[in-house]
Every structure is written in structure tokens, then in C-alpha cells.
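So, here's a batch of structures to check.
First chain A sits with chain B, and in the next complex the same chain sits with chain C.
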Partner chain A sequence: METVINGYISQEFVRDTALLPLADETPLLESGILDSLSLLQLVVFLEEKFGITVGDTDLLPQNFETVNSICAYLRAREPEMQNAQG
Partner chain B sequence: MDFSLSAEQRELVDAATAFARQELGHDLAKLEDAAEFPRDAWRACARFGIQGLPVPPSLGGAGADVLTTTFVMEALGYGCPDNGLLFSLNAQLWSVEHPLVTFGTLAQQQAYLPGMVSGDIIGGHAMTEPGSGSDALHMRTRAERSGDDYILNGEKQFITNAPVADVLLVYAAVAGRPGMAGLSAFLVDAGTPGLRVTSAFEKMGLRTSPMGEVALTDCRVSATARLGPEGAGMAIFNSSMEWERSCLFASAVGGMRRQLDACVAYARSREQFGQPIGKFQAVAGKLADMYVRLEAAKLLLYRVAWLKQQGKSAPAEAAAAKLFTSEAWVQSSRDAIQAHGAWGYLKEAGIERDLRDAIASTIYSGTSEIQRVIVARMLGL
Partner chain C sequence: MAYLLQHLLTETAARTPQRLAIASGDCRLSYEELDRLSTKVARSLRRLGVGRGDRVAILAPKSAAAVAGLYGVLKAGACYVPLDPKAPAQRLSYVVRDSGATVIIADEARLELAATLVTSSGDLAEPGTVLAMGLSGQRGASTAACAQAYYAAIRPWAEVAAESAEPLGQDLAIETDLAYILYTSGSTGTPKGVMISHRNSLTFVEWAAAAAGLTAQDRVCSPAPLHFDLSVFDIFATCLAGACMSVIPDGTTTFPISIAKWLESEHLSVWYSVPSVLTLLACFGSLSNFDLSRLRTVIFAGEVFPPKYLARLMAELPHCRYLNWYGPTETNVCTAFEVAVGDGDGGPVPIGRACANTEVFAVTCDGRRVSSPSEEGELYVRGPALMRGYWGQPAKTQEVLVPHPLGDGHGELVYRTGDLVTLGPEGNYIYLGRRDSMVKIRGYRVELGEVEAAIYRHPAVREAAVVPVTDELLGSRLRAVVAVDDAASLTREALLDHCRRWLPTYMVPDIAEFRETLPRTSTGKVDRTLLARE
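The block that comes next holds the complex of A and B.
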């Protein structure tokens, strides 16, 4: 999961190549890698890739602060992901 | 996706159309001239149940789903020529009530929603600032924590309903938390010391929808006035905008249908060169184009409403629907004037008003240019 998400963010949103390879703990919002629009693009990607729905109340900075926090958020949704796959 | 109306929805839509025709839009020319907010019509809407549409039954509302709400707002746009009233209603529904329903604590919901449903409490949302319009998140307004309170300082402008609002949902950045992490929203009651609503702006259209400026000077609010957690501002704003971009614009779709009906009736009855003007291909073609735009806008909006109903994020779809519908609303309003000739240009015909009102729709809820930016970004550009 970390590899998929890190890969997507690195390819789509990292403009400054000095930040590559991207660490899973790099602050994405504070560093400006994710802005309000790229966050929405990422949400659409996560919904499609992992078969979840990211509710309005989940779009909180703490869920998207780093690759690790995105993965933690997704892992908490694992039952939903399994249902979508099953 | 099936957008056919159930028997229950059909009944509601018919009732909303009849209600709008009979009870709304009275004395509109006079109200417009005076830029007066139609408080009686606002209360009538509350009695009909408009302000209660997205509110759960436990708080006095109807708990209607997104598609049903979209159909009803379209019916209002069809039956009621007072676009200003509809705009004010929509501003409260999607930018204040909806956030309260989605992010509010029970105490916040109980404090505001029953009063909004009954028409006694009016709300507005205050995001835009002198230095941040399209770039809304780069605001200057600050919220500084002070014990159990926050102290708000800043300025907001172009705020719909502000001059008549009992409560404003004010967006501010919490001091010391950078970027989106600090962006938060606060429910600020009218009359709170340090909150000042100034000059109602004089607008070219939507004249019955009051708009004002908001100044916050050491305005102290309790931490219980914060909607959602600290940092939820982006989520709240984004959620409001996606809903607004489907439901608010349903009223514009209703307005386009009203215009088309009027144009068809006029083109069948007005004769020139010995025949109804609708027999001239140039006129008929214009009306056919109005129909095509109306149907396309309707489908785009219904699809966004359907996606939202499935709980899906729909940033590109909502932006495309907003962009297309607002531009179509302007074009349809121009065509309606053209089809009516000089009569359409006269104030007393009540046709030119739609054009003045429609132009704003390409600016509020994010300009047309910004919708293109969103679509392009979602395309990966």
C-alpha cells in the first residue's frame, strides 16, 4: 500500500525532484506537495484504487499529512475495502 | 443511473412548482428596485419545507436525499422568478445547514437547525476576503486560541445574507498551525461583540439577496462554536461547494426551463412577415439550442447529485456541471431577450432580470475559470 501511494504522489504531485525519493514521513501538506486540488485528485485515486468512499468528514489534514497517515487511514477502512473486492 | 421521478417525488415537485408560482415572486419589481430581502417569502418557503430539505427529521427537517432536493430546487427555479430569494435560500442550505448536518455536534445542530427550518434563523457563510477570492484558502483571518475561547480577527467581503443573518459560518486560520492544517470554521452569532456587518453592496442582479461585508475585531467565541475539529475548514468548504454545485444550480436549470417555455409561447404567438416568428429557422434554431443546453445541464447536475448520493467524491463532475450550467444560464438568458425583441429588453417584461441574475452564477461558488482549473487538475494537467 505504501509503495502504491508513495509512487502515485511522487509521480503526480512532486514538482521538486530534490524531494525524490519521497519518504513516507515527508509532510505532504506543510511542504506544499499536496494543495487543496491535488488532495481532491488523490481522494478520487484512493476511491478508485481501493474501492472505498472518502466521506466529507474524512477529508481532514491528519488523514493526509504523510504517506504513512494516508495508509493508516486506509487500514482503518480495511473491512470496507474487503467488501469492495469480495 | 435512473433519473425518472418516483410518484412521491413527482407529487413533491408538482407541489413545489405550484407553491412557487402562487406564493413567491410577488412585487418582485418593487423589491428589486429597493434591493429588499423578501422576508415573507422566506417564511413561506420555511412553511413549505424548503429550508428543512437537507435536515434530518429528528431536527425538524425532511431528511430528503440529494436527488429529491435537486428536483425540488429545480421546481422552485421553474416556478419562481425571484432568483435572489432562491440564491439566498441556497446559500443557507448548502453553506450553513449542510455543514451543520455533516460536521456539527448535536448541541450545535439543536441550537441552529430547528430555527433555520422554521425560517426564524437566517445563516450565511463568510469565506471570501479582500485579498483572497478564488484563492480562498489563503485567507488572512486568524483565530487565536485563548483558554476555552478563540479570538477572531479579519475581514470578509461579498457575504450573502450577512446583513440579515442571525449566524455566520466564518472561516479562519488557527494561529500557529500552517496551511490547511489550521483552516477552521466557527459559528458566530450576530451581535457577538467584535463582529460588525457593514455596507450592503449594490449589485446588478440578485438584488433581493442581501450581501455585506464582515469585520471581526477581537471577536471572542467559545471553542464550542468551532464546527468540526481544528483543521476541518478545508473539508467543510469543499463539501459545501460540491453540494452547492449540484443543488444550487438546479434552480438555474428550472429558470432555463421557465425561459424556454416563455420563448416557445412567444415564438408561436408573435407574428412578423405574416407568420409566427417560430417558423423562422433562425428563431426556431435558437430555441432548439436553449433546449439542448437545458437538457445537457440537467443531466450533468443529476449525475453529480447521484454520485453524491452514492457517497462518492465528484470534484471534476461537480466543477463541469457548475461551469456548464452557469454559462448555459447566461446564454439562455441572452437568447430569451433576443427571442422577445425589444419587449425582452424592457424591465416591465421581467425577462432581462434573469440575465442580470445569471451573470453572477459564473462568479460565485468559484468562477468559470476556476472550474476549468479544477477539471484540468483532475485530468492530471
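The block that comes next holds the complex of A and C.
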């Protein structure tokens, strides 16, 4: 999961190559990698890739601070993901 | 009578000295405090030799200190040049050099960058100066070290604070002098400086305060940074009304819910931004969970608001007024339209009619005035809000400030916008598109030619074309299609890295593709239409 998300963010949003390779602990918000629009694009990707719906109230800084926090958020929603796949 | 922008501040400070002028995080300044502080800045600048007609750059995010700084520049009789704090050093260096600014007011985080910029700004006999801004303490040792490392004099804020706050006496400037220069994307590869005089700006500011119905009770916010002309509204129109300018903390606009939460806690009453922020707020802001009853007016400008998302916002916040303002930086806002429920149902929301003290008209390609909905033409603007020209570029100025195309015989110059419009049945203008290859990215103007010029600076690039990719929710994004001599010589990362060195983030392409050659039209030009359709 980390590899997939890290790869997608690196490919789509990292414009400052000094930040590559992207660490799973790199702050995505402070570094400007994620802004309001790239965040939405990421949400669309996560929804399609993992079969979940990211609610408005989940769009919070703590869920998107790093690749790790995105994964933690997704893991917390694992039951939903399994239902979607099953 | 206010004929200079800083008079708005001195008059309001005399009328309501104790009222809150700015709320920026924990920093709150009353009108009296803001007035006194900006006088101190002006005195510091005068001491540095800054006077009428000089340019002073400001390198800082929007904050109480930055606003005091820009009023200080105006009070010194000079004109301010706001720099984009997020732009790469190369571009900032160009702007500093081009504008001839020898003093930069910078916040503490950007002291070194500012020192590099004034140092690199050409053949200065005297070192450039950085005025280190900060309302908190002083910066002793690091300021000295910085001054030593660069050929720049660093004046600490403590020196500003020690200046007298006694008014400076009679103003040297007159209303046709420049108040600020805003740099915007230029099609030939370098940004161009739009010169705005006090009169140009006040024409807009006085109209805008009345059109938005601002009162001293309002709390006004625009998230636009200082170098973006939307910020003229929350800085100066708010001051005219004696209302409070609220500065939204950096990063808040990334999360729609954070914006909604901030609007609620700040008791914000008037909001002015580009539509994309409002689209996100409407779709992902959970607006029903917040009490936004204080928010009474929502104004948007800078690009087209997709009607679907505007309708959604209006349904979420039905108690607000919605105003669509239109106008290039060169003209200030020149038309306005108040949106009623259902206005966007049958197509785009109109840009409306001319603002007070402004005339707009459209001319068809065969030189007739557009007078019915069946005709389309290019929009022209006439009036005291028009810019003085592009800084140092008389030829470029002449391309856009032109004699009246319908020959009214007064000899007055009018501005040709490059925007194509038609006239709706109710007499409102409706925006159709551009005559050239300028696009809007989150409200910022981007000349595709400037992005291409930056890409061409890379030695491995043989051919390049940049085309917009439109997405209703995300707005326009840029796609670069590039042909290189040796496919191994340039990676996507290296290309984007190269772009970042020359361009601000919003101009760096989101998508980069490599090809052996670019498609051509029958006349041998790069076929952008084909690329845009792919």
C-alpha cells in the first residue's frame, strides 16, 4: 500500500526533485506537495484504487500529513475495502 | 478627500482609531496602530533614501506586518512591488531587477533570499537594503551575519519601531503616481509589470466597497496573496469601510473543512476569492455542519465559476449574496454581476455590466459594436481604472492601450482585453473565451508561451508545446509535450525540476510527455489544437 501511494504521489505531485525519492514520512502538506487540488486528485485515486468513499469529514490534515498517515487512514477503513472487493 | 491609497488609512484611523484593522492569527492591529506603524516604516524608508517614484519590493505572505509595510511604502511616496513568496529565485530576481527596486521589505523567514535578490539586482553603486520585518522581537546576530554574507544592508525591525510615528507632513505623490506594480505572466517568456496608479486603484476600491456594501462591522477575507490583484480588495476596500481584514492562515485553504471551520470561528462576513476554492468548499466543506450565518457576501473573480458548483454553493449557503466580478489586472474589476438562483442553469453566469465610472464595449472582427446576443466580439474597457502601462515596456503597452476602435474622437486610450464576449438579452456581457493562448490556472494568468519559453531554456529540448487540460472540478492544468534530441537525456523529473527553477508552481506543467516530433499544421506550426484534443 505504501509503495502504491508513494509511487502515485511521487509521479503526480512532486515537482521539486530534491524531495525525491519521497520518504513515507515526508510532510506532504508543509512541503507543498499536496495542495487543495492535488489533494482531491489523490482522493479520487484512493477511492478508485481501494474501493472506498472518502467522506468530507475525513478530509482533514491528520489523514494526509504523510504517506504513512494516508495508509493508516486507509487501514482503519479496511473492513469497508474488503466489502467493496468481496 | 482621499486621493492617495494611504489616505484611506489615515482617515479611518482618525475616525475610528480603536477599531480592529487587521486580524492575522494572534496578531491584531487597530487602525491607530496600523497607521502609526506604517508611518514608522515610511520614516525608515525615507532615511534609506526612498522617495517619490521609487520602487520597494515586499517579500512576505499576507500579514499585519506586510500590510503595515506596504502602507509605509505608499506613505514614503514610493510604489510597492509585491513578490510571490512561492516563486523561484530566478523569477524573483528578474522582477527585482526589472522594477529597479533597491529596497526589499522581507519577513524573517525570507531574509537571506531577499539579501540575495537585492545583491543580484544589477550594477548598484550602493548596496541594496533589506528591511527585516517582524512584529515580535529583533534579530541581532543572524541579521549581522546575513549582511556580511551578502552585499546588502539589513535593517532590523527594531530600528523601524524606534522611529517617530508623527505624520510625515504633506504628501509628495499625486494620484497619477504609481501605487504598486503587479507582475503577471508575459507571452514572450518574461513576466510583465502592470503599473497601477493611486487613481487607478481608488476607482476600483471606492466602487468595490460600495458594491459589496462594506460597513465597519464587516470582517473581510481574500486568500489571495499580495501579488495577486484580488488582494487589493481586502487590503484597501476594507480599510475604506473601516472594517476588519482577516488573514486566513497559510495552509488552511488546502482542506475545505478547515476553511469552513475558520469562516465560522472568525465570524467572517465577506469573502473574495477565485472560484476553485469555492468549488471545493461547496463539494467537500461539510457546510451544513458549521454556522456560517455571519457570512453575507461571497465574491468571486479570476476565472469562470462552473455553474453546477456555483448552484451547489448557493444551495448550501442560501442566505448569501453572490457577486461575479470580472476584469484583467490591467483594468481592475470592470464588470460585475449579482447572481440569483437559477442564473447559471442555461449556460455560463454572465460577467455583467460595467462598474461605476467605467465603460465597457465589445467590437466585432469587422469593427462594429456588439449590440445583440447574436454577435460576438472583443471586450474593450475605458475609464480611470485602466493601468498606466507595462513597466519599462512601451511597445507592449501600445499593443493593449489603444486608440478607441470605434473612433469617438476624444483621443483617449482604451484597453483591449483579448477576451471574447457576447451580449445577453438583459444587457449583461457573457464571457466566451480568449483571443490568444492565455489560460487561467486557479485564477492566475498563464501565458502558454512563457511556459514554453522556460522549457526551451533546457538545452536538450528541441521542440515544446504546452496545452491546457480542462477538468470541471479541478480547473485547468497544464500538459507539456516535448521533443528531445536524445530520449535518454531528459527525464520527466528533470524537466519539471528545470521548470521549477524558472516558473512559479502554478505555471509548472502537471503532465509532461516526450515525443520524437510534435504534430504540425499544414502551415508548419505546432498543431496545438490537435494536441489539446488528444
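As a working rule, the second predicted complex is superposed on the first by the 86 of 86 C-alpha atoms of A that agree within 3 Å, B and C clash if a C-alpha of one lies under 4 Å from a C-alpha of the other, contacts with A are read in each partner's own complex, and residues count from 1 in each chain.
Methods note: contacts are C-beta pairs under 8 Å (C-beta built on N, C-alpha and C of every residue); 3 or more make two chains touch, one makes a residue touch a chain.
Since the structure is predicted, the reported quantities are computational estimates derived from the model, not experimental observations.
Taken together through their common chain A, the two structures put chain B and chain C in a clash. By the document's definition of touching, neither partner reaches A:Val4: not chain B, not chain C. Legend: residue contacts after superposition of the two complexes on their common chain; A:Glu47 is shown touching chain B, with no touch to chain C. With both structures placed on the common chain, the touch criterion links A:Cys71 to neither chain B nor chain C. Contacts of A:Thr57 after superposition on the shared chain: both chain B and chain C are touched.
Applying the stated contact rule after C-alpha superposition, one finds that A:Leu19 touches neither chain B nor chain C. Once chain A of one complex is fitted onto chain A of the other, the partner contacts of A:Leu37 extend to both chain B and chain C. Superposing on chain A, the segment of chain B with clashing C-alpha atoms against chain C, chosen from 45-53, 117-125 or 261-269, turns out to be 117-125.
Annotation: chain A residues 12, 29-30, 32, 36-37, 39-41, 56-57, 59-61 touch chain B in one complex and chain C in the other. The touching residues of chain A, when paired with chain C in their complex, are 12, 15-17, 20, 29-30, 32, 34-37, 39-41, 56-57, 59-61. Looking at the complex, you find that chain B touches chain A at residues 102-103, 137, 178-181, 228-229, 231-232, 234-235, 238-239, 310-313, 315-316, 373-374, 377-378, 380. Interface residues of chain C facing chain A in the complex, by the touch rule stated above, are 86, 251, 253-258, 276-277, 280, 284-286, 289, 442, 473-475, 493-494, 496-497, 499-500, 505, 508, 510.
Within the complex formed with chain B, the chain A residues making contact are 12, 29-30, 32, 36-41, 43-44, 47, 53-62, 65.
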